[in-house]
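The two complexes that follow have chain A in common; it is paired with chain B in the first and with chain C in the second.
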Partner chain A sequence: MVIDTLKCVGCSDCVVACQTENNVPIGYCRDWITETVDGSYPNIELELKSERCNHCENAPCVRCCPTGASHIVEGGIVLVTPNECIGCGACIESCPYDARYQHPDGYVDKCTFCQHRLKKGELPACVSVCPTKCMYFGDLDNPNSEVSRLLKNRKYKTLAPEAGTKPHVYYLI
Partner chain B sequence: MSTSRRKFIKISALGFGGVAASASAFNMFGTNSYLNELVLDSIAKKLNVTPTYCEVCFWKCAAWAHSDNEGNIIKIIGNETDPHCYGRLCPRGTGGIGMYSDEDRLKKPLIRTNIDGEQTFREASWEEALDIIANKFKSIKEKYGSEAFALLKHGSPGKHLEHLFKAYGSDTIAEPAYAQCRGAREAGFALTYGSWVGSPEPTDIRDTKCLVLIGSHIGENMHNSQVQEMSDAIDNGATIITVDPRFSTAASKSKHWLAIKPATDIALMLAWMNVIIEEGLYDKNYVEKYTTGFNELKDHVLNFTPEWAYGITTIKPEVIRETAREMANASPSVIVHPGRHVSWYGDDTQRARAMAILNGLLGSWGRRGGFYFKESIKVPKFPSPTYPHPKWDWKDIGEKYPMAQMGITTEVIRAAIPSEDNKYPVKAMMVAGTNITKSIPEKALLEKAIEELEFLVVMDTMPMDVTGYADIVLPECTYLERYDGIRSATNREPSIAVRFPAVKPKYDSKPGWWVAKQIGERIGLGDYFNYNDYEEVIAWQLEQMGTSIEEMRKIGVKHFPRTSGPLFLKEGEKYEFPTESGKIELYSKQLKSLGFDPMPNYTKHPEPPQGFYRLNYGRAPMHTFSRTANNPNLNDLKSENDLWVNPKVARILGLRKGQEVWLRNQDEVTSTFSIKVRVTERVRWDSVYMVHGFGHDNKKLSRAYGKGINDTQLISKVAVDPIMGGTGMRGNFVEILTENPHKTVEI
Partner chain C sequence: MQEELFTSGRHIPNIDPSLEIWHWPISLYLFLGGLAAGILFFMGLITVLGKEKEYPTTVKYASIVPPIALSVGLLALVYDLTHPLYTWQLYTTVRLESPMSWGAWVLLITTPLSFLWVFSNCSELFPKWNLKFDFLKKFESFLKQNRKTMAYALIPLAIVLGVYTGILLSAFNARPLWNNAILGPLFLTSGLSTGAATIILLSKTAKERHLFGKIDLALIVIELGLIVHMLMGMYAGSQVQLEAMQLLIGGEFTVPFFGFVIILGLIIPGILELLEVKGYKIPVAVPALLVLIGGLLFRFIMVEAGQITRFLY
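Let's turn to the complex of A and B:
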């Protein structure tokens, strides 16, 4: 997933679209908006961006899961199998992105990149709803995909690179 | 702005204890993620899909409501062919399900009653409530004439009631969308181009090379297609110039942010005109061919140099020159955006005129990347008798304001207060779809008027604050549960969209069309409501337009070919503008003849006294007006507003982030509730800022009650635009109180 911070206006549509698509209870969220302000009036910079699970290649949440409920599936998506999750919360603590939460039903929940939609050839709900079209989703292994081209042609960053997680969400800057 | 992670952690910690008890809930998710998907898929398959258009704001994006067989709305997705949203709703549209699912909704008609000397509401049947209302309609007409019954409205329900009121003989109708919002803009552009800007604005943002935003915060206002097109413009490398004393989201996307001193925009625009004319940067062919009054304008702005404007606006002369040149370089693909909420300082029509004139000099009206010639298709009116002619109407009430082209809410409200010179006394009022205690300033005036009214009936879906003043409250069902009129909007090409009910009305709520018809029939106006169900009206209209209910159920939005000609002027085309001169009027003879400045001038506006800060307000992208604060989905994104304070001010006053404060304005109006401080460099040291629409005082709004401050409460002083009657609301000053000024606090 590639997110263009130069276009995001921080409207939170991705948050509410995810909630309704994935039946996330009110009071919880799988994605969220952050706002960073730098500088002082009138020389200010503002960065708004939508954050979620980074679907890391080297995912601490998968490594620390005692039951194997957290796992990586084909395509690099990190998922949680609810009925294998004992709700110990180790993954929540291990995640440098604070991307997981405990569902009121006990298991740990997080972004799935809307895998159920991907299987149908649809984009994740957040990507498909975004009014600024600042989110892109596709195959990073394919050098001709839109996401690959964006990363080739634009400056980008990942979050918390120091954690060594090899995240798969990229931010254009 | 953000969905707080802190809140999330707190809640998840509470949820932890529930693990063992709810372990059985896991079974429904299957044994692995693959089965999990299958379960989700099968749930998704059963959903019914109904065409609608959104009513959470005025943009009215067409959408598909997805509902299950149990009558739950599951999600709402934008209609891909709709030019208002291109398949992408904004957070409010996506969260529109909360308008339906909110358990605080009005459920039954309520009638004010006196129990042991205490005024309260009792639940009533529709029959009883409608009978009382119908009797009031009759008695007001007998005693004072139909004209004395006024309607203040907004949105779709307002349309149905407007029909009822006009049939009854009253055109004493107004809505805050005019005098409290975009009226001055419409007047300013009509005076220049002969036509309103209208909604959606005909700005060709997607193809623009330069977008100039003056106090317009696209991205915080989620005027959907405009937000989308601004994104396209960013992709295309367009220059954005934002003029705003606050570092808005749009400012952060801009090449130039002009951190202007509040209330000085006209001075900046005059200086821009000066540069564009003096340096010969204007579109000479266009100006010569299509405009009138250029020489007068040239003389007028001669002395309004960037150096002159610097002392007023604090914008450096070189920045004024550079941005003017940048606009001219992009010409004619440049948009000086007319904005939307423009009732700021009382000279708002003149400010809109300055914007209109700049666009004229840059040749952007009727040009690609500037403004396109909009077009809509007329929806035929369902057969009904002609309306009677009222003896007086909204025009007479607003007669002091020669360019008022719609009812002025504040004047209609004032007309309810008896006085010797009140020629048009309003005695009863219906309010629908607008929470006037939050949408209209000068609360003291409003309360006085309400006190004088013989009868006030309010129709809404939610127990908004205004319902507390009503004699009768009618629970309308939400847009997801009703038919409404066909949406026909001005756009690049004409299109229509329909709203069909996705689910049955919850509780004992009813659609607005039904309420209008029931009252109409009770007062002998049945001929005006010659149908059993509003579906019949829509079916008839669609048939006239060459389509049908069946087709629209499948497509939701239908497009029609343009008939008015191309979107843009052809090179050298002869074109007559619908003004008196047939040209773009840089100099306005009409304004001159009415005794106003024929060209805009800068007027100095009051500044905050020592210890006070200018109260500025704006929008958050996930809320509309005061309408959505209690919506469970949207409240979850932002549950209260906060007070933006510059760090310098915070240091001087010793304010901390998150500290609760109260505000008191220049008229000693103190906020009922407190607000949390947000210390941020994004706001000037002479101003504070908050998002409009919070601080609800009706306890029945369980999520929104007492959360944040209602900015409108502190807008007790307005600067009235003498041209069209708009109420400028940005001239109120507040002091920040760190101690609770209320002796007893209601909790």
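Let's turn to the complex of A and C:
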């Protein structure tokens, strides 16, 4: 997933869309908007971005899961199987992005990139509702996909790369 | 200056503003697991060395503690799970990358072994009990004959169990305070030290108390060294580790950490045990209890403080 921080206006549509689409319990969220203010007046910079699970390549949550409930499926999406999750919280402790939470039903829940929609050929809910179209979703292995081309042509960053997780959500800057 | 805030709102229970996923049962378990590992280790070692007669407390009376500690600890662990009915899923797979997985397997072997050990002493520990059935008596004498075998198994298992309580925390690179390689040996040393303190408390002979006083003194010195190593390592670490260290040095955990863990839990019992070794009359229960309380508080502080440290936000 590629997110253009220059286009994001922080409207939180993606957050509401996700909560509706995935029946996220009230008080919880799988994605959220951060506003980062850098510097002091008059040299001040504002960055808005939508954050979520980074579906890391070297996912610490998958590594430390004692039952294998956290796993990476084909395509690189990190998922949790509720019936294998014991709710130990190890994955939550291990996530540098704090992208996971304990569902009130007990198991651990997180962003799935709306896998159920992807299977139907649709985009994730957050991407599909974005009014400024600042989010792009696609196959990074395909060099001709829109996301690959964006990463080729624009400057980008990932969140907390020093954590060594190889995150797969990229932010255009 | 950088300021970051959630404009969409984010206040997930137990996650924001800082993690509270692991509560007191985890700290309690880490303490009890370490304590049990310590006693099991000494129990195994003395049996392997063939000195059961000289140190009866360790192999007999103190051996009642590990099964109780492990049972209470395991109950505490399960109590802290949010999906506890699926606990059996732990035993459907072996995941070598996950410390919690091999910890679960080690506990599955160690806990019954610790019970069997107590049972092998049953007729001496509880002389009034009458083992009604013949097969129980036979089982007891069978266990008694194989005690050395059990001891050989218990020593490595106890070490793994003791290290595991530390590695469980240090495996998370997202929590900079925990993420250092020294935490495993540090928790093992602390566990051995609390185990030795328990043996001192229960011991009835001066010789045994004296030996474990010396052992405990050595362990306290090692533990202090390891704590210094841990802090030095973080001091020389990256920004997130520096921030983590500041919780312990100059932050909100400074007073409990230095006051209760370092001074009351390590230095003062260390001095008292040193005086005892030198021949002064010291009530040995005092340093032993201080070590136990210090060990318990150490687990609580590490679990609480570690969850405050994070990479983002």
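In this text, the second predicted complex is superposed on the first by the 173 of 173 C-alpha atoms of A that agree within 3 Å, B and C clash if a C-alpha of one lies under 4 Å from a C-alpha of the other, contacts with A are read in each partner's own complex, and residues count from 1 in each chain.
The working rule: a contact is a pair of C-beta atoms (placed from the backbone, for glycine too) under 8 Å apart; a residue touches a chain by one contact, two chains touch by 3 or more.
Treat the numbers as computed from the prediction; the structure is a model and nothing was measured.
Novice: Please indicate which partner A:7 is in contact with in the superposed arrangement: first for chain B, second for chain C, both, or neither.
Specialist: first
Novice: Which chain makes contact with more of the residues of chain A, chain B or else chain C?
Specialist: Tallying touched residues of chain A, the top partner is B.
Novice: Should A:40 be classified as contacting the first partner (chain B), the second (chain C), both, or neither?
Specialist: both
Novice: Given the touch rule stated above, what does A:133 touch, chain B (first), chain C (second), both, or neither?
Specialist: first
Novice: Could you tell me if A:92 is touching chain B, chain C, both of them or neither one (first, second, both, neither)?
Specialist: Both chain B and chain C are touched by A:92.
Novice: Which holds for A:21: it touches chain B only (first), chain C only (second), both, or neither?
Specialist: The answer is first: A:21 touches chain B but not chain C.
Novice: Could you look at A:60 and tell me whether it touches chain B, chain C, both or neither (first, second, both, neither)?
Specialist: So A:60 only meets chain C here.
Novice: Under the stated touch criterion, which partner chain does A:145 make contact with: chain B (first), chain C (second), both, or neither?
Specialist: A:145 contacts neither chain B nor chain C.
Novice: Pick one for A:73: touches chain B only (first), chain C only (second), both, or neither.
Specialist: Only chain B; A:73 stays clear of chain C.
Novice: By the touch definition at the top of the document, which applies to A:158: first (chain B), second (chain C), both, or neither?
Specialist: It touches nothing on chain B or chain C.
Novice: Indicate the residue numbers of chain A shared between its chain B interface and its chain C interface, in ascending order.
Specialist: The overlap between the chain B and chain C interfaces on chain A comprises residues 10, 12, 15, 27-29, 32-35, 37, 39-40, 48, 82-87, 89, 92, 98, 101-102, 105-107.
Novice: Report the residues of chain B in contact with chain A in the complex, numbered from low to high.
Specialist: Going through chain B, the ones touching chain A are 1-3, 5, 7-9, 11-13, 15-16, 18-23, 25-27, 29-33, 36-37, 40-41, 44, 74-78, 85, 87-91, 94-95, 97, 219-220, 222, 224, 227-228, 230-232, 234-235, 247, 249, 251-253, 257, 259, 621-622, 632-634, 636-638, 646-647, 680-685.
Novice: Which residues of chain A touch chain C once you look at their complex with the stated criterion?
Specialist: Answer in residue numbers: 10, 12, 15, 27-29, 31-40, 48, 60, 63-69, 82-90, 92-98, 101-102, 105-107, 159-160, 162-164.
Novice: For chain A, which residues are in contact with chain B within the complex?
Specialist: Residues of chain A touching chain B: 6-7, 9-13, 15-17, 19-21, 26-29, 32-35, 37, 39-42, 44-48, 71, 73, 79-87, 89, 92, 98, 101-107, 112, 115-116, 119-120, 128-134.
Novice: Can you check the complex and tell me which residues of chain C touch chain A?
Specialist: 1-16, 19, 21-22, 80-84, 86-87, 89-90, 92-93, 95, 97-101, 103-104, 171-175, 238, 240, 307, 310-313
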